[in-house]
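Next up: some structures, all given as structure tokens.
Consider the two complexes below, in which subunit A is the common component and subunit B and subunit C are the respective partners.
Let's turn to the complex of A and B:
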């Protein structure tokens, strides 16, 4: 398929799927807590409402950064689903996250400062593993291009089991889920862990939410890539990873940031790097 | 579909409650009542919230906090006073430290009765609040649409004093160009301009009832004379003058085949605008020692 066409399909479907996944997440979490839970379309209702609210800012420029966070997140997913270079995807993803951090720093409130610092810590935790994932896929298929990786005949998960596990670990951080929901949690609205969002309201908050949908679709697409040789298994794996994240979220208490950092780096070193060493020498 | 009906985010503040209403408020979020099924999220951040739930009566300490939180809620917002104390002070009403209900500090939209208010009543209050949110949102939107909406219509006799005041403000910039305060437009009196009303047709451009631009025209044979196109300095560069001239041309009957206007020789912006509208200079004459009239004309197409 034409990359441009794929990009167009992604632009239309990603927010729909992302929002729907967020709705499933809320419904499922509610059911796990013996509650009825909101309607499936709740995230869309929320975003529409936020869009109609007044936007209160500390500084106008903070919205500018969040706008770029959204644009870059869309761009990152676009690169991925158009079949571009995986390394470029990693760098664009980092840049997008950095813009959110800058936005939070720009807001000059102690809460958003702490949120921004925690977001940076999270990035330090997951970045190495994401990079190792890209490198592992290259070693297994001989190409950094998503197109080539997806067209590879073997199931990557069989050659990269360690990398896959490490990537799932990162998924917990990236999805902002317990035990690693340090900078912005889906629950605990009264706590410091909503820090990074403190000073954003109205349409800006809606943009962060939509960016998060795009991000989730990209990450689940990446899980699919591990099983791209058999699409059914790929979709099952992506959905499985999503369910796993929700169950872990509801079953775990939050850990401290040093635990997250040590855990993520240890996982990267043992599972990720170990897997790569294995691929290189055997 | 209404934008606010399905996603009421709440912030809860305890003004000086005995905690009875607070416990019942939190009970709304438990599996038994699960207010989240209505989309309710109990936020801890006023900037994310739509509905401000206050429990307890207002005392010297909590009054400022309520005001502060209230002002941090983005519009549209609704205040719900939960329980008897929040409504009126309740059993603490006459206490030395109690100001009274929440409405002594901020406007309250919904009162939920009870001591303590029951969770069902609180959820009912939130549902009422959502309807008010919708009404407020519509009112804001209507107001926002009214802003910057220009109305072009014939001016009436009652508008003349306002148009004269506008003329004096507008010609200030012309007087500065020529260094001459004796321009007739600056000197015109109310009686004179009211006398003009007999011969000239006036058009006005107004925003929210305030006149920001005006023009006048007169017919003589087959020629329509257009004069005194004025726009308030704050509203220039938005095409109001151009629209006024076009509206004036359109208001002349079909036997008028030629339009004529004039401006001072140094008023470059006016000249440029007239030329853009198709007017061409055909005559220049001395009017005052400082000002030369530049006459422009245009055929009706």
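Let's turn to the complex of A and C:
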């Protein structure tokens, strides 16, 4: 399929799937907490409502950063689904995430400041594993391109079990789920002030929400890549990973950042690099 | 030449005796006496088949020296005037000496990049060491003299390795030409190549020698920018990159690569723990030079391509950052990053320049990142396990640059603009370097095609490059980021401005608030330094240990070759 066509399909489907997943997340979390929960389409209603609200800011330029966070996140996902270089996808993802952090710094409120710092700590925790995942896929298939990796005949998860586990660990951080929802939490019972999101409101908050939909679709797409040789298993794995994240989110309390950093780096070192060593020398 | 060398040696001996530094005298005699004896014995027999060497790599290095060095000298004019009149009246005004040394040093740098005769190269090498020594000690207080001697001692170790390498090369090939060395059978000259790499490692302040570069930050900022980030320390990596074809695929080459890789990871980690701007820049310099050394040690065509690009990108962006910090330090009387809060109001243009420099240092799609990316690919294709320090080193890099950038953007209360106090020479240099930084990012494919690829092809017959598709994507990203300033046309439209939430009742403009029991607190925000998890000094100690172990491995390689 033509990369541009794939990019177009992604542009239409990603927000739909992302929003729907967010709805499933909220419904399922509510049921796990013995609540009724909102309707499945609630995230879409929320975004529409936010869009029409008054936009309140502390610093007049803080929203510009969020807008670029959104378009760069859309672009990053586009790179991935158009079949581009995985390392480039990682770099673009970092660039996008950095714009959100800069926006929070710009807001200059102590809560968004601490949220920004913690978001940086989260990035520092997961980035090595994400890079190791890209490297592992390259070593297993001989190419960094998502296209070639998806077309590889073997099931990558069989050769990269450690990398897959490490990647799932990072998903918890990347999805901002407990026990690693340090920069801002989805749950009202976790915190009184919403960390990195504290000073964003109205359409800006809506943009952040939509950017997360795109981001989540990209990350689940990456899980799929581990099983790309058999598409059914891939979709099952992506959904399974998503459910796993929700269950863990509801079963855990928040950990401190040193625990997160040490845990993520130890996982990267042992599971990620252990796997790569095995792949290279055996 | 010989006379000059002896004169320089004697000067250092006198200095060493006067300041009671037996180690300096010893290190100098260790290299001076054998060299003099050897040169006298061989006399006219020391031939190099052409004393000069001019290829694309020398041209690129000369360009960096010229553009960066020139703008630093311009900047230094105003900076040093202010340094003496306003900020350090206690320091004796020796500006004529300062500037003559600066020019003398630049001449020696041109000498280094254009010499083919190793004896010449060695001579210019020692001239830069000496210039660096005198300039670090410029303040003439106890701390700067101590740090200057440390720099001298470490660099003399490198000098001794260099001297040994020359004698060894002559014995192995009968010539003292750099090109003859590179074109000789690798097995024959791996020993001297390793010794020259060792010299490069000391000059580029890699572990375990990094301490001298951190100490060198006591020198006035133009010195730090010129000698200790963009030119002199680049002489070390230049030499290692020249040795790359010989080091490729050897055990010694792996050790050199490991020195670079561990310097990159540990210096990046150490930089997280400090908020002294110049120290952060120094650590980051060690880290980035480590990446280039790593490229030399791996020695494939891809790695060398990446290494040369890194030299260019690092030189311009880092120099810009140093010069900005120098100006900020004079205005704020501090170089603490935490004090730079609100710089976007007090010095808007300067804060934009700092942001350009910082973005150029670590962010996609700007210069350094392309280099890092290429290094990562080169490493994975040769020794995947060395990817470990690169991957773990780039995460803290992101952290310490970002928290600095955040401080620049943060605004808690109105601050008057004090930018008009900055002199014209400084502005010229800063603007020139900002434009050069931006231009190298935009024109990167041209630079690569005209200067870097021809050199690498000349050595290896083929070159690394960025795939066309990726290049297009990078350009799109660059264009997107370049659009960001346009959003300021929308400044303040359709938004309602309120004070931040401070967890209490705000008192006057959101800079202070009333807490739960009625006291008024001032708003204060400071960055994490992760002191509990990765203390700066502790990381550095580990680094020295790792460096010493690798040095022992290098010595073992050399002994096995004898």
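Note that in this section the second predicted complex is superposed on the first by the 278 of 282 C-alpha atoms of A that agree within 3 Å, B and C clash if a C-alpha of one lies under 4 Å from a C-alpha of the other, contacts with A are read in each partner's own complex, and residues count from 1 in each chain.
Note that in this section a residue touches a chain if its C-beta (ideal position, glycine included) is under 8 Å from a C-beta of that chain, and two chains touch if they have at least 3 such contacts.
Worth saying up front: this structure is predicted, and the values here are computed from it rather than measured.
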Fit-or-clash call for subunit B and subunit C when the two complexes are aligned on subunit A: fit
Subunit C versus subunit B, contacts on subunit A by residue: C
Subunit B versus subunit C as contact partner of A:198, first or second or both or neither: both
Angle, in degrees and to the nearest 10, that opens at subunit A between the C-alpha centres of subunit B and subunit C: 100
Partner chain(s) touched by A:98 [first = subunit B, second = subunit C, both, neither]: second
Touching partner for A:56 - first (subunit B), second (subunit C), both, neither: both
Partner chain(s) touched by A:222 [first = subunit B, second = subunit C, both, neither]: neither
Partner chain(s) touched by A:109 [first = subunit B, second = subunit C, both, neither]: second
Contacts of A:48 with subunit B and subunit C, given as first, second, both or neither: first
Three-chain overlay, closest Cα atoms of subunit B and subunit C, distance in Å: 6
Touching both subunit B and subunit C, residues of subunit A: 54-56, 198-199
Contact footprint of subunit A on subunit C as seen in their complex: 363-365, 369, 373, 376-377, 380, 384-385, 387-388, 391-392, 394-396, 398-399, 402-403, 405-407, 409-412, 467, 469-470, 473-474, 476-477, 480-481, 484, 487-488, 490-492, 494-503, 510, 523-525, 527-528, 532-533
Touching residues (chain side subunit A, partner subunit C) in the complex: 54-61, 63-64, 67-68, 71-72, 75, 79, 84-85, 87-88, 91-92, 94-95, 98, 101-102, 105-114, 116-117, 120-121, 123-125, 127-128, 131-132, 135, 138-139, 144, 193, 198-199, 258, 261-262, 265, 268-269, 273, 276-277, 280
Subunit B-touching residues of subunit A, taken from the complex the two chains share: 26, 30, 33-39, 42, 45-46, 48-56, 189-191, 194, 197-202, 205
Residue ranges of subunit B touching subunit A (in the complex, touch as defined): 3-4, 6-7, 30-31, 34, 36-39, 41-45, 47-48, 50, 72, 74-76, 137
